[in-house]
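Before I ask anything, let me first share the structure, which is written out below as structure tokens.
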Amino acid sequence: MDWRTPRTGGVALLAAVIVLLPLALANNYWYEVAILIGINAIVCVGLNLLIGYAGQISLGHAGFFGLGAYGSAILTARYGWPPVAALAATTAGVALVALLVGRPILKLKGHYLAMATLGMGIIISIVIVTEDRLTGGPDGMSVPAFTLFGLALAGERSWYWIIGAALLAAVWLALNLIESPAGRALRALHGAEVGAQVSGIDATRAKVGVFVISAVFASVAGSLTAHYSGFITPGKVGFFHSIELVTMVVFGGMASTFGAVIGAATLTLLPQLLTVLKEYEMVVFGAVMVATMVFLPRGFLPSLMFEIKKKRK
Amino acid sequence: MSAQLAQYLLSGLTIGAIYALVALGFAIIYNASHVINFAQGEFVMIGGMATVAFAGAGLPLALAIPAAVLGAVAVGLALEKFAVEPARGASVVTLIIITIGASILLRGLATLVWDKKLHALQPFSGDKPIELAGATILPQSLWVLGVTLGIVLLLAWFFGRTLTGKAMLATSHNPLAAQLCGINVRFVLLLSFGLSAALGAIAGILIAPITLTSWDVGVMLGLKGFAAAILGGLGSGAGAVVGGLALGIAESLGAGYLSSAYKDAIAFVILLAVLFFMPSGLFGKKSAERV
Amino acid sequence: MRTRLFAILAALLLAAGAAVAQEPIRIGAFLAATGGAAFLGDPEQKTLELYVEKLNAAGGLMGRKLQLISYDSAGDAEKARTFVKRLIEQDKVDVIVGGSTTGETMAVVPLVEAAGVPFISLAGAVVIVEPVKKWVFKTPHTDRMACERIFLDMRARNIERIGLISGAGGFDKSMRGECLKVAPNHKIQIVADEAYGVRDTDMTAQLTKIKNTPGIQAVLNAGFGSEPAVVTKNYRQLAIGVPLYQSHGVASKEFIKLAGDAAEGVRLPAAALLVAETLPEADPQKKVVVGYSREYTTRFKSDISTFGGHAYDGLMLAAEAIRRAGSTNKEAVRSALESIKGYVGTGGVVNMSAQDHMGLDVSAFRMLEVTKGDWVLVK
């Protein structure tokens, strides 16, 4: 087994980090930060498949996250469904929505695609905020704890392991997808769409496929977040969170699964560490976005790897 | 015409004029550089907030307004110079992130330079409502409509009759050819950002007495202005104006007759509908992709 | 030999005792100092800072200094939860005073109930203390009281048919619900019921619909934040002639500043604090409200609001409870809070009990009218 490929070495490294991290986590508050990183990383890994590998763009992925979160929340809190069933139904529902919406949206390119996904995300967040009888409106709603075979999973420590496992699964799935024939078709699309089509690849089908997969990643992350927090608000469903997610992916490095994880970690930690410089948070965040794209257009991790490879020569 | 309908149309026209100005800003920058400037809304915010700040510091409105517009233009030029120019030739995703990042940066700076509170700007000529066809309209709305009309006419003259304006149009059609004709494309780019910033700032100043202004007023206005630009056909000046007015009226009628709760969604539903069925908008040209 | 040992032990105990005594009393706070509810959270923040300082200058509580740890939750329920978790787990506070908005408060209730930390909320909705929750208290008057006080005033002006316009947040929805519920008791009919969204800047569509409803004699805006100012401006623009009532969610000069001339003639129920100087000498609240009003305006050079007053009451109640409990033991402080009676605050005279975690009644509300840009008591 070659330990230097992402699929084996990288995953093993990630697993090691997840297992050893608790030694550095002083109290529940830091566990929560770690869980938050994990959740963002799951969404980013999926989003990276769409943006980095397939070369598309989505400025509305927080919408899928929100649908996942509110779907699970509403089914369990308002209709008394068992959480596992709610999770399954919600994920299936979001996949269907992504399929239906994906076909017309992914016929667009470039700026038009960006704006269409933006519009989609905003419409989702407006609906969630407005239907307050179902969703609790702008102030949010409570969510019952996740139960598995009657056992309630609550508390930061249990959830840390759940999210850790989910993240490993997500990364492993993504890496396998990239190496598969479908993944190669995707990358061909990214390079030159018309050329790929001429080679026999069904462009729309491939693009919609990735769109649905990335939506599913986001939806599952959303559902898990809802149960973990015990409470959700529309804050994570809006335009700003969509931008945050794209920034994490781009910062970490497009076309790099582990880059997406690192991007998520960095940009989730940043606000936490910056609460001291609270008023400067926005300025720093914006500056980071601009500076990264201007100076490191490949993103953080790939640029780093590039420098390392250069040194090796 | 029922008084209610008249009221909705008047409110819709007023906000539509603002969307038109913002959309024009998008169109001008897009034409010159094929960049969608997501920070367009922040020019609107800067216009309103800077005027409030200058007026609050004692400057009479007649001085505060031009000062604020100049400030916005300076920001627009800086944006082009430091964020867009270094990234020339970058991919669409990259450019989008850059302008979005710039907009976040500008909002952050706004909270530091000013504050996070809401501010009222005094209306230009009082706020005694005027009766019109059974509806009431504020004097400020008349300013909005009048100034917007004036600007549209001015821009039509500028692009149609002046050398600089024609140079900008030439650059938007074919930058390489324009350069070969001796047009300084870099200057055109700077000018387009400056001009768009001025348009945005004026829009912000016009609307602030009606809707109040704050550090984040640019977000929604920018997005809706963009929807208007797409509705009219990205890159078309006439389209931007028609798109803006149409969007404003659609919003007002929708809020009045359908659902006031979903008012904000109307712009985005229209956006999606246009993108799905008529991507080049009302006045845009169909584009061909080179293989 | 034994006396030496004794002396050493005594010295050690004294040192340990002194070390504990040096431990400051930690007051945790999460306030909407920025964002849509900033004109609630900002005076609250300033008030807490000012009075923690004053209490420390006077020697602190039980010989221990007070330490204020406060976070800006910006009116966002999610941020509120994160900060409250931080306050409880990381900062290990003894008592929490905060929650400028109903949404933020209700979001953190499960956290404080689970952790067993006394929490005094500064938000309005009646649902915060009804049903009563063990660890949750509040200082502002409820939205139901606001409805009742407004309806009383309306009946005094022979108003029967009214229009209602409210926003999307927790307080707005709660107050709308309460008003709909208690209106029949006062023979008030709500014949129009419109809503606007968060940070909306144009309510002319909704107000036009209300204006065109036949027989409207007054309009009630159940909300707080920036939107009521826009509603008021639009109201004036549409020249709707009938009286406009606001809730106590706008009891701050910021509202008058934003709404401008349009605010003239608007009525609202509010604490006596806003008219401190014109209160009769015999009024039981006179001393407290004048004192707070002068101290706040001197220090911050800006107008007082009832929101700062609620924070003042919250802090003072917490301090009183700690004094009565003689320690910062959370359960002791909690029961001490419940036992407070006859406390004169800026909001009114407070009588807490195990069933009533707010302690005010409708008489604590005065009816005010905005006249020439200032608050005037309506007789």
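Just so it is clear, A, B and C label the chains in written order, and each chain counts residues from 1 on its own.
In the analysis below, a contact is a pair of C-beta atoms (placed from the backbone, for glycine too) under 8 Å apart; a residue touches a chain by one contact, two chains touch by 3 or more.
What you see is a predicted model, and the numbers here were worked out from it, not measured in a lab.
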Topology of the chain contact graph, where touching chains are joined (line, ring, star, complete, other): complete
Highest-count interface - the chain pair sharing the most C-beta contacts: A-B
Approximate Å spacing (C-alpha centroids) for the pair chain A, chain B: 32
Separation of chain B from chain C, taking each centre as the mean of its C-alpha atoms, in whole Å: 40
Of all residues in chain C, the ones touching two or more other chains: 168, 197
Residues within chain B bordering two or more other chains: 111, 261, 264
Multi-chain contact residues (two or more partners), chain A: 130
Chain A - residues contacting chain C, complex: 27-29, 32, 129-130, 132, 137-140, 142, 229-233, 235-236, 275, 278
Residues of chain C defined as touching chain B within the complex: 34-35, 38-39, 168, 194-197, 200-202, 204-206, 208-209, 212, 226, 229-230, 233, 236-239, 254, 257-258, 260-262
Residue ranges of chain B in contact with chain A within the complex: 36, 83, 86-87, 90-94, 96-98, 100-109, 111-112, 219, 223, 226-227, 230, 234, 261-262, 264-265, 268-269, 271-272, 275-276, 279, 289, 291
Chain A-touching residues of chain C, taken from the complex the two chains share: 71-72, 76-79, 81-82, 85-86, 89-90, 101-104, 106-107, 110, 168-170, 173, 197-198
In the complex, chain B residues that touch chain C: 3-4, 7-8, 11, 15, 111, 116-120, 127, 129, 136, 138, 210-212, 214, 217, 252, 255-256, 260-261, 263-264
